[in-house]
Amino acid sequence: MSLPASGNGPTPLVLEARRLVKRYGKVTALDGVDLDLRAGEILGVIGDNGAGKSQLIMALSGAMVPDEGEVRLDGKPVHFRSPIEARRHGIETVYQGLAVAPAMTIAENLFLGREIIKPGLCGRLLRIIDKEKMVSQARQHMASLQIGIHSMTQAVETLSGGQRQGVAVARSAAFARHVVIMDEPTAALGVKEGNMVLELIRKVRDRGLAVILISHNMPYVFEIADRIHIQRLGKRAAVVDPKRISMSDAVAVMTGAKRPDELPTDVLAH
Amino acid sequence: MELHLLRTAAAGPALAPLLALVLTCVFFATQSDRFLSPQNFSLILQQEMVVGVIAIGQTLIILSAGIDLSCGMVMALGSIVMAKLAVAGGMNAYLAILCGVATTVAFGLLNGALVTLVRLPSFIVTLGTMNIALALTQIYSEAQTVTEVPAAMTALGNTFSLGGAEISYGVVLMLVLYAAAWLALRNTVSGRHVYAVGNDPEAARLTGIATRRVLIGVYAVAGLMYGIASLLAVARTGVGDSQAGETEALEAITAVVLGGTSLFGGRGLVLGSLLGALIVGVIRNGLTLMGVSSIYQVLITGILVILAVSMDKLSRRKGY
Amino acid sequence: MSFHRTALTVVLFAVAGIASAADELVIGLITKTETNPFFVAMRDGAAAEAKAKGVKLLTAAGKSVTDNASQVTAVENMVAAGAKTILIVPSDTKAIVPALRKAREKGVLIIALDTAPDPMDAADALFATDNYEAGVLIGQYAKAAMGGKKPVIVTLDLVPGLSVGTPRHNGFMKGFGLNAPDAKATELGKDPAVTCMADAFGDQAKGQTAMENCLQKSPDVNLVYTLNEPVAAGAYNALKKAGKEKGVMIVSIDGGCEAMKNLSSGVIAATSQQYPIKMGAMGVAAGVEYAKTGKKPSGYTNTGVTLITDKPIAGVPSKDVKTGTQMCWGKS
């Protein structure tokens, strides 16, 4: 599913960031950056080290509060002061470190921080966990993404890297209502498992969730993204169409070898 | 073949200490015909009662990837506070007990606050509070043992007959506390959060767990356990002992480690700590019955601790 | 550890500075631990004598009965702070020797209290209880008090590695008339009459545990030797719980004021009383003498041991509990 290369398509904006600024002392991490995320798309975010990708993502996911600028969700301004607030608004993040407790089971990790409590006075008072429900729901979530793990009660640390990533992705897909942000999901994975994860990301998008994908892996980004946001020096350098721009041009803009205005207009996306 | 056996034993977290306990019991049963009696086992339970309850608190703290060196001294302070308030201060016995427990809970909260709010390593914090508790104990007790404590304080040391043995109420309380701790850690949100915080504190934070609240809760509950242990100590010995508390911290940590809980946090079973404490008690009792010097008890315990920690490493995959 | 040492040095220098400004004699006292009532009493005795003679007393202790390093540091710091005499209860009788020798080379008088260094001449003098004699006294008493009854004995000892437990145990064996090693032996003596030997670590709760375990082994016990009075209290507890306290005699050593109650009530049949207050006071007095006249004490001075019991037996000299209470140490 791709969007027209030019003109504002009818697809509404799910998430917008306008002129976000963040300074740490003398260092300016975000220098008035913008971002647009459309409903149902996979937006790739690429940028060199120090370009401000992580900072941008942290601002969107509530892990960091920007000094200036505005974030809008479905057109309404929001101010996230913590990742939990962002979660409450339906924005889930798959962190680079996955944020899983390795010794705990898949089911427990899926519901970490959001455990299902047994009904009834006793259950609610003592906060007793409804393990059966958690296991069966975990199975459903994993199955809906067609992740082939059979036992929900095995420890996450017994899984391969790709399977662990699958658990983290399934968690975000299970609870997200608008946006899933993924930070380097295929880093440290081999080819086969990396492709597995790409498939998962497609399935998440097919559910109707918009995905922001930060990655250093150019081939993967070009394969899966609908549009690519190029981040450079704390600002958005350009938004391009991976179907039209060459990988080397995209990298050139990323590193500053080429200026965005040097790109032909038909490779830009909106 | 042995490695495979070890891996199997390491697979179930409480399997290894249970096996070790059974094996040591079998061994001593062959060495002395006085070992295998209900009364002897009841005695061992009573002997490990105080350390056993302390170990519940220690297990919680170690599960959260911390450690508590102050537990023994805090327990001693609790004993002295409750005994001296009742005997020298003439306070109502139950009120005095409450004051003693309040003291130990206060120390637990202090430890928790220093670890979470000031973010100091628990080893350092509890080293400091251990010395503070020691000093307070000596100052308040004036290095004297408090004798003739009221009957209410020794009540838990009383026994009832069951199956040819005298079981003490304090032991029953210890077993109830272990059952409660086990259920809470296994089945409640707070319990699972303790494991999560110990296993990966960053993951816990990012998934919305209030890690500071969890940790303060862990240290506070541990403080409560030390308070109950201090009452049990008074109940068992009949005095408030100003010289107590020196060895209990290491004994509790030994019990936790022997019970299979990982010192790195996030893994382990609180029931294992009970088994660990019993293993130590069985070895001490068995060696005395055999007439063997206590230095061998120390040697054997040391070897078992190394085995326990090695098994912990073995049972973990992918070196997390 | 280094911070500790620096802080201690600063404090001691300050104190010595004030002391030397007033031309006060400085004497140091190093005990095994800070908190054991025996050492508290020793410190009190030394402090009282120091006050009476206008002497500045510096005190220090290890963190545990096996902490040699802190004692070595204390010796060095006290010498640096101008102490002319150091009284010490060595925790590690061998490891402390080099520190003592170094101090003596600087002209400092070293007196060992309660426990001798190994070799004994590493200190100028030793003021101590004869622990063997302490054991002999209660052994003799027990033998006489048992009449002709066949003894079934349990000994609750200290812990392997701490020297004071061995001569007490062996002295008891000798006094009772069993196969006993001599006063210099380092092994605990064994005899068929002793059916169980357990370590009680000088602690009441551990004494109770040790007695319980020995009761399991030897239910017919009728005589219990205990290393000290807290252990005796624990042993009595264990016997009482088993309903056996009436038929068992407990003897002990120390003569602390806290134990006098147990002696008059019969929990402990007899105890050998020792005099840590006297040790501390004598040490300070010897230090004052040395500073005034240069005369050093030498050899072993027995600070005395008295058998205390309210049930005297003919042929075994003893004093009653009332007298014992007047001479006892620690708070009651």
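Per-chain residue numbering starts at 1, and chain names A, B and C are given in the order in which the chains are listed.
Following the convention adopted for this analysis, a residue touches a chain if its C-beta (ideal position, glycine included) is under 8 Å from a C-beta of that chain, and two chains touch if they have at least 3 such contacts.
None of the values given here were measured: they were computed from a predicted structure.
Engineer: Taking each chain's centre as the mean of its Cα atoms, which chain lies farthest from subunit B?
Structural biologist: Of all the other chains, the one whose centre lies farthest from subunit B is A.
Engineer: Quick check for you: compute each chain's CA centroid and the global CA centroid, then name the chain with the smallest gap between them.
Structural biologist: B
Engineer: Measure off the straight-line distance from the CA centroid of subunit B to the CA centroid of subunit C, and report it in whole Å.
Structural biologist: Roughly 32 Å separates the two chain centres.
Engineer: Nearest whole angstrom, what separates the Cα centre of subunit A from the Cα centre of subunit C?
Structural biologist: Roughly 72 Å, centre to centre.
Engineer: Mind checking the centre-to-centre distance between subunit A and subunit B? Centres are C-alpha means, answer in whole Å.
Structural biologist: Their C-alpha centroids are separated by 45 Å.
Engineer: Any idea which subunit A residues touch subunit B in the complex?
Structural biologist: For subunit A paired with subunit B, touching residues are 83-84, 87, 93, 95, 97-104, 108, 112-115, 117, 126-129, 131, 157-158.
Engineer: Which residues of subunit C touch subunit B in the complex?
Structural biologist: 34-37, 40, 64, 159-161, 196-199, 201, 203-205, 208-210, 212-214, 216-217, 230, 233-234, 237, 241, 258, 261, 330-331
Engineer: Mind pulling up the subunit B residues that touch subunit C in the complex?
Structural biologist: It comes out as residues 32, 34-35, 37, 39-40, 43, 46-47, 50, 134, 138, 142-145, 147, 159, 166, 233, 236-239, 241-244, 246-247, 284-285, 288-289, 291, 293-295.
Engineer: State the interface residues of subunit B toward subunit A in the complex, per the touch definition above.
Structural biologist: Touch residues, subunit B against subunit A: 184, 187-190, 192, 195-196, 199-200, 202-204, 206-209, 266-267, 316-318, 320.
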